[in-house]
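What follows is a set of structures to go through.
Two complexes are shown next, each including chain A; its partner changes from chain B in the first to chain C in the second.
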Partner chain A sequence: MTNIAEHDKNARHLLMGNEAIARGALEAGVAVAAGYPGTPSSEIIENLARVSGKRDLYVEWSTNEKVAMEVAAAASFAELRSMCVLKQNGVNVASDFFLHLAGSGTRGGMLIIPCEDPGALSSINEGDSRHFSRMLEVPLIEPGDFQEAKDMTKWGFELSEELRCPVMLRSVTRLSHASGNVVFGDLPEVDHKARFQHDGFILDPDTGIVSSAPVDYRHGLQQEKIKKAEEIFETSPFNTYTGPEKPELLVITSSACNLYTREAVLLLGAEDRVGILKLGTTWPLPPKLLEKHLAMTDKIMIVEEVIPFLEENIKILAAELAGSIGAKTFYGKRDGSIPTTNEMNPDLVVAPMAEVLGMAYEGASAEYTEKALPLAFFNAPSRDLTFCPGCPHRASFWNIHHALTLDNRNGFVCGDIGCYSMAILPTGFSTLRTMHAMGSGTGVASGFGQLGRFGMDQPVMAVSGDSTFFHAVLPALVNAVHHKADITLVVLDNSGTAMTGFQSHPGLDTDAQGGDAIKLDIRKICESMGITVRESDPFDFKDTQQQIFELMEIQEGVKVLILKQACALSPEKKHTKKFEMKVVEEACRGENCGCNRLCTRIFRCPGLVWDQEQGISKIDDAICVGCGVCADICPAGAIDRKEVA
Partner chain B sequence: MEKQKLKYDPYNLIITGVGGQGNVMASRVLGNMLSKMGYTVTIGETFGASQRGGSVMSHLRISSSDAFSPQIAKGRAHMIIALEPTEAIRVLAQYGNADVKVLCNTRPIYSVGVISGEQNYPSQEDIEKWVNELSAQSWFINATDEAMAKMKNPIFGNIMLLGALAGTNELPLSREGFQETISESMPADKVEINMTAYDSGIGMLG
Partner chain C sequence: MQIAGSKELSEQVLNQDLCTVCGACVGLCPYFKVHKGKLAKIFDCDLEKGRCYAHCPKTDVDFEQLAQALFQQPYNGDPLGIYRRITAAKAGERTGTGDFQNGGTVSALMTCALESGMVDGAVLTDSDGLLPKPKLVTRAEDVVKCASTKYMATPAVSCLNEAATDGKTNLGFVGTACQLTGVAQMRLNPLEKSDFVDPIGLTVGLFCTWALDTRQLMDFLSTRVDLKTITGMDVPPPPAEVFIVKTGETVVEIPLDEIRELVPKGCGVCPDMTAEWADVSVGAFEGKSDWNTLIIRTEKGEQLVEKAVAEGYLVLDDFPAEGLEHLTLGAGNKKKRAKENVAKEEK
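Take a look at the complex of A and B:
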């Protein structure tokens, strides 16, 4: 692994986009970085945390994204460089503070770094935070390759300091989680000194109070900053043009789409016919630069992912500039040339480009594809997402599902974000019936819990992970308690922010930098609110199901069950086997058993497979992690667990 | 170091498998080996939620001069390394062509659909037949079982396949380059076992 804290000037390394961003921040002398884990953003904070001692940084995993942005902003107010890192939906969480921060302005350079997920490769949405830059009136910059991921991060801090406002630097999965060669710049000597000046003239940006009020004055100031950004962007080296002087087609693009567009031009061999204007500064758009390039040709294609943000903003400029640049034909989202959902790739750019140019492009050969596609379709089994072997969630949802089924009042579970979201699928016995944002399970349940007065007589449950509990469940839980909502919340405590790679959270005794932290006890927090709290181990089916029944019996108010069992991938469990598992061949009755293959048809742990030849189940030793749970599901007692000495 | 001319520029290589098989680690080790030799490497990977039992894929673009897109265009792969056999078929359908080569681990990982009985898993003979039909050249090795037998851990299957890749002579890889890369990314006590895995991979190519 490349050490991003080495001085190593001019050395060339293969870096993940997120490592490049972290390096850029170090080269800029960042002092404070805060974020909340979320794919594809998490490695930025992780990398900075790893070198925090060496580079005199304060790095934290904050309780949620709004708090992260507030923590980072404080450093900026104290004249330090700071950054807040989040995934696309994290920007929504932080947006209330972000609106006010845009209004108050900043002091030390401050970057807001959303890493977004077009195509929802690791999300349940493909939110596009670029719109926040226009909505909240803050500048937006977007790296178009890996070197720029580093260089633009460094520049972003300087830009923020010059403008005295937060700057958004946006990345996407195919940059953040892709890797490319990056040449290092130098690292500065760091000697951070923080001081917050607040007793000067109240409107003085350096020494006065920091606030978005008085609004008429500050909002005007903010818009002057955007005007100034526009001027700076006119000559930014991160806006580049490649192609002939008079191209037939001008493509305007940014971010990862820059790489797909370059590739599409090469695939077509159309370097003499197509020009690419790659924009690194995407809000506000620099009008003179756009005017110059739009004047080159009358055919303009705009290549971007998801919603037509660039396209609409460019069209506004083109309308204003119509007198000088003439009428244009646009190819993009509005005319259907470029899709408005899912991520882009070279094929999705090359097809409309070939059409506009009247060129032929044969991607995969038709003859080959006709043979290969049906073979794959009928023979490569689809791989639905599943809980890992040994995952405590499989056991937890087995228990919840059983309890609700036996209760027989058509009860249901409201869910939210974490690995446990997958309980909406058969791997969690399709137990979740609603699923939205972080903490929404409890919020939505709190609402359902009021509907008894309108005749709803179904038991209402919610689930939450331990990190999610602190992130966004707490306010919803307070609401439910205060309004006496009749709900049962099951906290699936697997001892870490497991989905994104075991980042710390307030329920643990270490912080992002590995230092001691105060551990907040979920049970005590709930009890202090007067909630009836029970605890169990989800691997203990009998006790867990008994607890759920008993809690559901209590008619009034909020009940909480904490199910404690560490994630199978957690550092404490990984590579250790508690049990050696074995299917006793003589005891497994196979197809003749009345269970109808309960173990594999329903329980579906990847470590327990069906042996077609023998017609019985068997353990796959390459997959099984020895949690021992399946021994308790076999009605014939044919699955044997032996404690590993 | 003098860079050897690549068979294709860019050389498009896909490593595919199932979440948890060490796909990402294999692509980073290979990428770092080539980057150290002076090649320009771009890697695009799919991980995150897809780690949980889903298909995973890393696209490597290796060039003497330029950086390419982190996604290969359809039908344009030169080499596919499959850590799981049916994933080879799936990737061939999207990125394969008559000239593509395939290096394939033969140990299946059953999807939940297969485990539950909703889908069938094809036989080893059928998979080999189809891969041969869809490629110019192919190699099949049982890396996972060998790793379990020799190293008591199936995860080393990924490094065995990297060793086998070196053995195909498709890319200018060297044992020293692998050792240097692995020494930088692993604790010292893990280097030897990785070297053993790499060497067994070459040996298994037959």
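Take a look at the complex of A and C:
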């Protein structure tokens, strides 16, 4: 792995987009980086945390994205360069502060870096934060390749300092998580000095108070900054054109779609017919630059992912410029040439491009497709989204499902974001019945918990991870307690922000940089609110189910059950087996048992497999992590666990 | 009878609210369980045929087949079922004393059966607080502790199923009609399992006109008395038309009409008042509250009664002809009502 903190100027390295962004930040001399883990953004903070000692950096995993942005902003106010890193929906969490920050302006260069997930590969939304740039009036820049990911990060800090406002630098999964060549620049000597000047003239941007008020004045100032950004963007080297002087078709694109468009043109061999205007500065758009390129041809295609952000902004400009550039035909999302959901790829660009150009293009021959499809269908094993072997969530939802089903009052669970989101699927016995944003399980449950007055007699339950508890559950829980909502919250405490790779959180005694941190006790927090709190080990089915029953019996108010069991992939558990598991062949009655393959059909831990030949279950030793839980589900007692000495 | 699986059981019984929580489908697989007097299906099971369906007393029951298997004779449609004789009975001195609802005949018979080794264990219904709870009893002296009518649907057959899974045989079973119909069907090994062993040594049936939904009764009573203080319940013979709840100091009388609202729909389609598929059946004796009506149905039942009388567990008396008439009328009325309700269901 490349050490991104080496000086190594001019050396070429294969870097992941997120590493390139982190390197760019180091080259810019960033002093403070804060974020909340979320795919595909997490590696930026992780990489910076790793070199924080060497580069005089403060890096933290904040409690949530809003706090992360506030933490980073403070550094900017104290004239340091800072950044806030989050995933697309994290921008929504931070947006209230972001709105005010855009109004107050910044001092030291400050980047807001959302890494987004078109196609929702690791999300349950494909939110598009580009709209925040227009809505909150802050400049937006988007790297179109890996070198630019580094270079534009460095430039973004300079831009922010020049404009005195936060700058959004947006990445997407295929940039953040793919890798490409990056030539290193210089690393500056760092000797950060923080000082917050606040006693000058109150309206002085460098020494006065930092606030978006008085709004009339500051908002005007902010819009002047955007005007200035527009001017700067007119000559930005990150807006590039490749192609003939008079192309038949002009494609305007940005971000990862730049790569797809380039590939599509190559695939069609249409280099002399298609021009590509790749924009690195996507809001505000530079009008003169657009005017120059829009004038080249009357056919314009806009290639971008998800919602037509570029397209709409370009069309506004084209309407304004109609007198000089003439009428255009646009190909994009509005006319259906480019899809408005999911990720883009070269094939999705080739097809409409070939059509506009009147070229025949077959991505794959009919014969190939005919052969490949059945092969893929019959040979690729079907793999569900599933909890890992030994995952405590499987046991937790086993218990919750049993308790709610036995309770038999049509109770349900409100969920949110974490590995436990998968409990909406069969791997979690389809236990979750609502699933939204971080902390929403508890918030939505808090609302359901008021509906008894309207005749709702179903038990209401919510689940939350330990990191999520601090992130956004707390305000919802306070609300539920204050308003006496009748709910049971189950905290699935697997001791870490497990889904994104064990980042620290306030419930742990360590921080992002590996230093000592104050550990907050979820139980004590809940008890201090007067909540009845129970604790159990989800691997202990009997006790856990009993606790759930007892809590549900308490008719009024908020009840909390903390289920403690570390994630199977946690550093403390990984590569250790507590039990050696075995299916006793004589005891497993296979198809003759009344269980109808409970272990492999319902419980479905990947460590359990159905032996077709013998017609019984067996343990896949390569996959089983020896948690021992399945021994308790087999009604025939055929699964044996032996403690590993 | 066409045997189907749990999907059909759900469609035909559970979703129609016909389950009386007898427990016949519980303890055979991981899918059906009972919690606080209510049956729950934990997961879907896609087996085409299941014992759950085959044993359930609320699916189609083949009376002819049961009559042949249990009594070696054709089903005769008598409102009281097939029987050898009817007598009045009550516990003898050797039975000991318990919280008998009436004459203590059931306790007497089971104590005798266990003491004499006629059975090696007995599945009875005990209480856990107010909740009825099936229990496998192996010591004769524990039988009387389970005495008294619980009035609530009890998954007693589940306890028998679990004991059978544990390999126990020659067990006594005490239960109501739905439970005994489930047990009788189980004994036929309808799925022809090669490893099937009949766990039953002896069955004692309890007369039953209806049971009450456990949860509804709890909710109902909790608005009138402190549940923890309840010591017993009773339905005195007509024309009282009340349901009596005894607490430490007081007796609360509730009009029977209010209580009937809590009867599960499944009881309404039950044609069997006297637990026809048992070796002997026991119920109240009209006019003499410290005696029981005892119907002896099988040879084994006869042997048990003879032994119990001979060894002082049980005392018999003549059963009056007008009593028989009355009993037959009551049982016949239940059959008639059930038939009407089934017809209503089928509409």
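Definition applied: the second predicted complex is superposed on the first by the 642 of 645 C-alpha atoms of A that agree within 3 Å, B and C clash if a C-alpha of one lies under 4 Å from a C-alpha of the other, contacts with A are read in each partner's own complex, and residues count from 1 in each chain.
Assume contacts are C-beta pairs under 8 Å (C-beta built on N, C-alpha and C of every residue); 3 or more make two chains touch, one makes a residue touch a chain.
Note that the structure is a prediction, hence the values are computed from the model and not measured.
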item: Superposed partners chain B and chain C on chain A - clash or fit; value: fit
item: Touched partner set for A:A11, first chain B, second chain C, both or neither; value: neither
item: First, second, both or neither for A:G594, with chain B first and chain C second; value: second
item: Residues of chain A touched, compared between chain B and chain C (which is higher); value: B
item: Partner chain(s) touched by A:N345 [first = chain B, second = chain C, both, neither]; value: first
item: First, second, both or neither for A:M359, with chain B first and chain C second; value: neither
item: Touching partner for A:H401 - first (chain B), second (chain C), both, neither; value: second
item: First (chain B), second (chain C), both or neither touched by A:Y260; value: first
item: Chain B, chain C and vertex chain A (Cα centres) - angle in steps of 10°; value: 90
item: Lowest inter-chain C-alpha distance for chain C and chain B in the superposed arrangement, angstrom; value: 11
item: Shared chain A surface residues [contacts with chain B and with chain C]; value: 602
item: Complex interface listing, chain A residues touching chain B; value: 1, 12-14, 39-40, 121-123, 145-146, 173-175, 177-181, 256, 259-260, 262-263, 267, 345-347, 350, 363-365, 368-369, 371-373, 375-377, 379-388, 419, 422, 426-427, 499, 575, 597, 600-602, 604-606, 608-610, 620-623
item: Chain C - residues contacting chain A, complex; value: 28-31, 33, 35-36, 38-43, 45-47, 50-51, 193
item: Chain B to chain A touching residues, read off their complex; value: 18, 20, 28, 31-32, 35, 40-50, 52-55, 67-76, 86-87, 89-90, 92-98, 107, 109-117, 119-122, 126-127, 130, 133-134, 144-145, 148, 153-154, 184-185
item: Chain C-touching residues of chain A, taken from the complex the two chains share; value: 401-402, 405-408, 429, 549, 592, 594-596, 598, 602, 633, 635
